[in-house]
Amino acid sequence: MKDEKYTPLPRRPIGLDREELKKRTVTAPDGQTFEVDPIRDYYCQDAPKAHQRSYIKIVEDFFNWCRAESLWILGYGTGCGAIEMRPLMTPRFDAYRYGIQWRPTPRQANLLMISGYLSVKTLKRAIRSYEQMQNPKYVVGLGSCTINGGMYWDSYNTIKKLDEYLPVDLYIAGCMPRPEALLAGFEDLKKIIKAGGGEGANKYAENFEWYKANQKSVIKDWDMPDYNW
Amino acid sequence: MVSAIFIIVVGLGAAFALGLLKDSWRNGAFALTMAALAVMSWISISWLGALASGAAQPTDILTAGVQPPFAINLRVGLAEAGLLSVITLTGLLSALYLRDALMQQGRRSMAVLLIAIMALSGIVLTRDIFNLFVFFELMVISTGGLVLLSDDERAIGAGFKYLVVTQVISILLLVGIIFTYHAQGSLNIDDFAAQPLAAKGAGLAFFLLLMALVLELKPFPANGWALDIYESAHPGFSAIFSAASGTAAVYAADKVLATGGAEWLPLATFIGLFTFLASNILALRQDNDRRLLGYSSVAQIGLVLAVIGQRDILGDQFLYIAGGILIAHAVAKAGLFWISGVITRRELTAWTVLRLNPPLVVAFATFLAMLIGLPPFPGFYAKWELAHHLVAEGRVAVLVLILIGALIEAGYLFRWFGLAIKREAPVARPKYAPGKVLVIYAAALLGWYAGYRWGALSQYDNLLQAMPLMVALGFLLIEGLPARIKNVIAIAALCVWFWLSYGSFDPLQMIFGVIFMIGGAVIFLASFHETGRRLGFYPPAMLMYAGLAMLIVAESSFAFFAAWEVLTIGSYFLILRGKKSEPHALSYLMFSLGGAFAILLGFALAAGGTAPLAIADLAQVTGAVAPWVFVLLAIGFMTKTAAIGLHIWLPGAHAEAEADVSPMVSGVLLKAGLYGMFLLLMTMGRQHLFGVDLTYVLLWIGALSALLGNLMAIFQEDAKRLLAYSSIGQMGYALFGLAMMNHLGWLMALMFVINHYVYKSLLFLSVGGVAKRTGTRDMYRMGGLIKLMPLSFIAVLIGIITMSGVPPLSGFGGRWIFYNAIMTADARLPMVLVFLSGPIAFLYLFRLIHTIFLGQLKDEHRQLKDAPFWILLPQMIYVAFLLGFAVLPGMALRRVDAYIGEHFTEQGLSWEGLTITSEFGYWSPVQIMIVIGTIFTLLFLLLLALNHKAQWVKQFNIVYAAERPFRPETTHFAWNFFAPYRRALGFLLAPLVTRFWGAITNALHETAEFTRKLYTGNGQTYAVHVLVFVVVLYLVAGGIS
Amino acid sequence: MRALYDRLKDRFQLGELTRQRPDLGFVTVGRDHLRALLVELKDVEGFTHLVLFTAVDWLEDGQFQLTYLLNNRATAQDLGVRLMIPREGASMDTIHDLWPTAETYQRELYEMFGIDFPGSPRVDEDFILEGWTDLPPNRRDFDTKEYSEATFAERAGRESHDPRDHMKQKLYPDGE
Amino acid sequence: MITIAMTTGFVLILIGLYGALTNTNILRMIVSFTIASTGVNVVLVSVGYMPGRTAPILDDAVPVGSATTSIIDPIPQALVLTAIVIGLGVTALMLAYAYRLFRIRQTLDISKIVELKW
Amino acid sequence: MSFEWIQIPYALLTLLIVFVYGVFMTTIIRKMGARAGGRYGIRLYQTFVDLAKNYALRSHISHGIMFYLGPVFRLTGGVGLILFVPTIYGSVMHQNFAFAGDLVLALYFVFFGTLGMALGAGESGHPYSAVGITRGLSQMTAAELPFVLAVFAVSLQYQTLSITEIVAAQQGGFLSWTLFTNPIAVVAAMIGFLGTMMRSPFDVFLAPQEIPIGPPTEFHSAYLALMQTNRILFPIAKIVIYMNLFFGGATNWPVFFLKVFLIYLVSALVGVVFPRFRVEQSIRFFLIWGLPLGILSILIV
């Protein structure tokens, strides 16, 4: 039952129309004026490239082993899973002994944990962080929310299928999965990587158009370049 | 030879003749007046010429044909002739200047003018005290008449006050005359000298006579009337009142004093000094140009009176000294009053209008320099001689007071000059009456001529014949040429001078010579960037270089001091050119002049007499005076190196200067102070004062400068200020090295001299170029310029690596020598400060490069280009030199090492092969370079192999906690960059020194503000001042005798 | 609480006082008296803290109910001031000058209910929802399930149950 | 005699100065200064006075030959004459000033002419 | 001393040994930290795996020339420092390139890598990098002070600036070590040592909690790998200087390993016990505790 009488209230421009991203005219110190286009001038516009394994197999296997044994997680929490991950650092679970560490910056991390439901707003940040990580990189979805929406199945603001938007390597089911399940999940992820299956970044680059279309279909105020370097 | 009496005859006759003319025939009357004045001037000048050349002898003119005392006699000697020339020429020029006013008032005013000049001449000529009274009264009456020439209605009140006071004075004078006559039985001055005053009453009579004459000199505080006249009278007349009347009155006082014997001289000295100091202090608070000039006049006459008070010790130099000061004062003050006449408004800032007429600015500067006694004007020679005489006779206190007064005077005069040059000028150029302007130029030329004569008479070299100075002054003449042509000439002049003189240099002079001349020429390359005519840049710049050139070759203390003052003045004008540099240039000048006066005192103490002193003879100074000489000279030199405590001028002066001036005043000028310190330590060595080793004190000063200079540098937001504070620190290092008094310490100081010249010039040029492009000096407004200005970035990078002493560049050499030097130094505590300051330097250097070139590029800078070619060119030369010097430091230091070895036998360096070896360690620049270069290249290749396909991203492609920046301004972390450091060590930055000097200047200003309330403006109060002055002085004099 | 109500009742033409707990009560007030009442409560009666400012959609009545929940720290009392405004063209006076925090609540109401607060700072900016273009989601005529199905991709094979029936089924499969 | 004259002269000077410094009316000041200069003149004359001698006018009463012993010192007399003349000139000038001052300021009160100060 | 070509392979050998030992040391120290916290800690080969992974990452970005060169500067600083200091006393093989300069060179060359690193981090344009740099530099300047004073005291004590000669003077029983002949200087130097090891309580400029990781925020893959390599080499290089100046140097590799381990242990033990200082607190700490000791040490020599 839509209310026909409702007229939308005025909103500030969003997306690429927002004030900060509009072209602005700037006066240089010498008095010349010129135009600055924030998106074009301040951000790299290039699309991501797929990086093929260019090494001979044994080297690639060695590297994959290294990658598997040195999983650096981006310390980024969404939803309730953020709480479940913390115990992994404590003496009780001690994920370090499996080569798992937390890094505070996506530049240095390899593993993005989506630890629960993703609202549209958070999805934007998750995509940005993912794109700022370096290839090869892995995504793990935690809990039923990332798998099929879970209890947020009819929410107006929560995505229900993470792999539509990011190349997920592994889901760990549960609501929420306990730390033990996480450890087991990491072991599975390691197996995938060692087997050469951790090519999510390449998949993302190869299907870039598809992922972007999906992302943009839910993120109405797309206000960043297509790929966040 | 026409008898001098015709001066009086012509004046009087013409005045009477004017009375016969028709009132409407004004042109004729004016012509007659001018003719009469011209004749009077001609007579005076011809006498002067004849007496000076020895063609004539001093002559007595017996007016009634009988010998005195039975008739009045006049006398023309050298002094009289000179003063007559001043008076009559002032009259002549003023009459020309007053033409409009005189024509308007008619022949009566012309007659009064003639009477005035005649009366003043009479005062000089006569030897009879009652005749003196008559001429004085004539002067009073004619002054009363001429005051009315003014357009200013207030002049009438001032004139009346004047008359009131002169009534009192004439009562004193008459009573004094009659009792003197009673006691002496004669009115002739020459008779007094013959028989000393015996009777008790005679003392009082002479006192009254003397007081009356002294009161005519407008002594403080009995001079309110005179100031009112100065303020309100027509400037053409004020010129006469200041230059001619003052001159005549001084001479009258001198004549009478000469007969009174030595016991009256202290009184004259006291009055003179008191007036000189007090009037100068009072002038600080003036904002009316003519009243300020009035105070200055009063002060100058007081100075002359003080000099007269020293006539017992000055001997045959008395005329030279007193005359020098008097003539400089007369010419300058007349000129300044004349200039004030072409300026319509009376506040000091109204003088900005002069800027529309540059020759007038030159004249203004000339007059100011003459007043303060800067080279090459007569006052300079007089000051030098006076100082030496005073010191020779132990009257150091008098000298110190004179110098303090002169410093204050320089303060307000140059503050005024700064206002005139820097405040906003009106756009429309006013129409100057050509006659008036010509008169002003004539005065300026006369000033230069007087300078030349005094130079010729001096027992030293005539400064105006010194080649560098002549070249610099020559730039005044070619000021009309385009800047680039002048720049070529300037570079050529520096190179030619170096080429002509380097043959005679020892290695020390060689290093400084190369920095001053060749270094100066390299900096001049940056000046090619300026187009147009660039008025007012080359004369001061070349004046500074002339001073530097003269400084290196100076062998006597006089030559050294003259060069020092020349370079001070040149650099002052140069610094003053900066946009907001007005207060900083002034404080620079004040510290420099204060330092120069300390040097003067030091040299005078060292000479101990009037004989010329060779710099090398400083080594022979011994005894109790030696440490004081050392202290004074060191203070003088440290004002230039901006040692802590004397540093507050430097940041502003260097920061506000133009892009190519900053390296001149920082890279080059600071080294003059170090050169002085070198000479001082080389000749005088260790001195002890109160049992303290003075070099130890220097060690502390150097260390403190290094620490605090560096510390202050890290908190600057302004890039050039940062560099300026860093200069304080760097000079502190050099001073520290020198004060260690060992071989390696000196070598390190020299290394710093070379390095500091190169990297500070380099950095100032780069920062200046960047500031030119970005339009700001605030570093936090810049950022991310590396991609747009890569060459400037490279220059700054090389500069800061060198400066911070990181291997492999040459700064490391300095540090290495430093470590070796301190191994044998005795004092260890100050070293702690130096150790502390080393890493701090790293902080501000990093800040410099980071906030300007790294971080986020701002919107408005996105399309900047690299600095202009001509500013980059010298930078690239410096970069090349630094790289070369890093590998082969021996090319400069080897010879110097040997040279220093003559002074310190121990501890040389061994320069064999590629390795430099000391007693303690070793250092191999080439090998370091190779090793570091190889490692770097290999690692770089490794990274390239791994990473050659890197994606180049733009400035907002940063991880931002999953957010994104919107504006570069809010993303560039730059402002208050070292906040934690401020929290930890900010307490060291309390501006104690600034507060100290601020308190002194405030106290002076408050004193002036308080004291000038004496001058209530009421004529009766002024008369009371006069009476009280006489009574108090009588009591004081009684106390003295 | 009652004493307070009696003091203010006539001056501000308050509606009935509803006391939910000894320390929590609600009153209704007309729009004309709202601001005066809030000022009085804040400055005189010691209700210095705006705990909550929210709305309820009475779709059937065509009205929004606004609730300003105030807290008096000294007496540990909460007082809710309730106000009905028409749903169509909903608009209310801003109170951000009384409580700066109200600015945030007003942004929320603007975004989630479509209630305008003219003059409130940044009220037209995105608050929680970024780039929302549909009906304000907290209006009851907005169908969130329909929107969700239309907008977000779904994974096939998901079953949804009514929680009550499902749990009953699961716990008591026999039907008891 | 000399003492009386000289004392009178000095008293006149002091009266004149006192008058000049306490009266704010310009005309009164000028009169006071006239009194003071009269006093000065009296002092001048009294200095030259020698008891029992006559005026230094060489006429029949005073032959040239005995002049040196019979006349008083002529110089102060000459000085007085000059001083009187000059005093007259200065007084005239002051009066002229007073006139112009009154014309432009409409007052003769010197304490009000203080626009130039400090 | 002069250069011969054979020294190049010798130096490379030293470098290799130090590198391997450094990897091992880093792991051990981290494991000790973990054990102090009750954890098992990383595996023995973990440091090496991390390094290899970072070298092997496939994609890279660059913010500019200095960003690219920063890690190169950094590692050059570390490698150079090792090579400019003789590693094993009395061994011809492990004199490295000490002929190029003495103690002063070593002291100042420390800044080389710091400067390059700071420039690289600066060009990344990340404000957190700049914040980290100001904190790091501020703290480093204060921490260097007691160390430099102690070094000067030692060179005064032995009247030489040559590291080899300082080591030579300490031979002949452990009682002739500087540690026992000049204990105050050693204490001062060790205070400075704590400050430069980037460990708690002086690690605020890395501050992983407040500002993600400080200066290296933007560095990744191969850049990060170079920097990690430096983090392995540099502490050893630094400890070698300390060992040579204060602890009698090492005449053979086992002694070297032992001494380096023990000195490293000092900072590790302090690190696991004490919480973190703010920057101005650590500056004050060095000025109040380190500086007077340093001054005392040069005054009493």
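Read from first to last, the chains carry the letters A, B, C, D and E; within each, the first residue is number 1.
Heads up, the rule we're going with is that a contact is a pair of C-beta atoms (placed from the backbone, for glycine too) under 8 Å apart; a residue touches a chain by one contact, two chains touch by 3 or more.
If you're wondering where the values come from, they're calculated on a predicted model, not measured in any experiment.
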Via touching chains, chain B connects to chain E in a minimum step count of 1
Output for shared partners of chain C and chain E reads A
Remove chain A from consideration; what is left forms B, D, E | C
Max Cα-centre separation from chain C goes to chain D
Min distance from chain CA centroid to global CA centroid: chain B
Higher number of C-beta pairs in contact (A-E or A-B) found for A-E
Top of the farthest list for chain E, CA-centroid basis, is D
Chain-centre distance (mean CA atoms) for chain A and chain D, in whole Å, is 111
Here the gap between chain A and chain C, centre to centre from mean Cα coordinates and rounded to Å, is 34
Whole-angstrom distance, CA centroid of chain A to CA centroid of chain B, is 70
Chain E residues touching 2+ other chains are 59-61, 212, 217-218, 221
In chain D, the residues touching two or more other chains are none
Note: chain A residues in touch with at least two other chains are 105, 107, 229
Contacting chain pairs, sorted by label, are A-B, A-C, A-E, B-D, B-E
Contacts from chain C onto chain A in the complex sit at residues 88-89, 110, 114, 116, 124-126, 128-135, 137, 139, 141-145, 147-149, 151-155, 158, 160
Residue positions on chain E within touch of chain B in the complex are 2-3, 55, 59-66, 68-69, 71-73, 75-76, 79-80, 83-84, 97, 99-105, 108-109, 111-112, 115, 118-119, 122-127, 130-131, 133-135, 137-142, 144-145, 148-149, 152, 155-156, 159-162, 212, 217-218, 221-223, 225-226, 278-280, 283-284, 287, 291, 294-295, 298-299
The answer for chain B against chain A in the complex is residues 773-776, 859-864, 951-957, 959, 962-964, 966-968
Per the touch rule above, chain A residues touching chain C in the complex are 1-3, 5-12, 14-15, 120-121, 124, 147-149, 153-161, 164, 214, 217-222
The chain E residues in contact with chain A across the complex are 34, 37-43, 46, 49-50, 52-53, 56-61, 208-209, 212-213, 216-221, 224
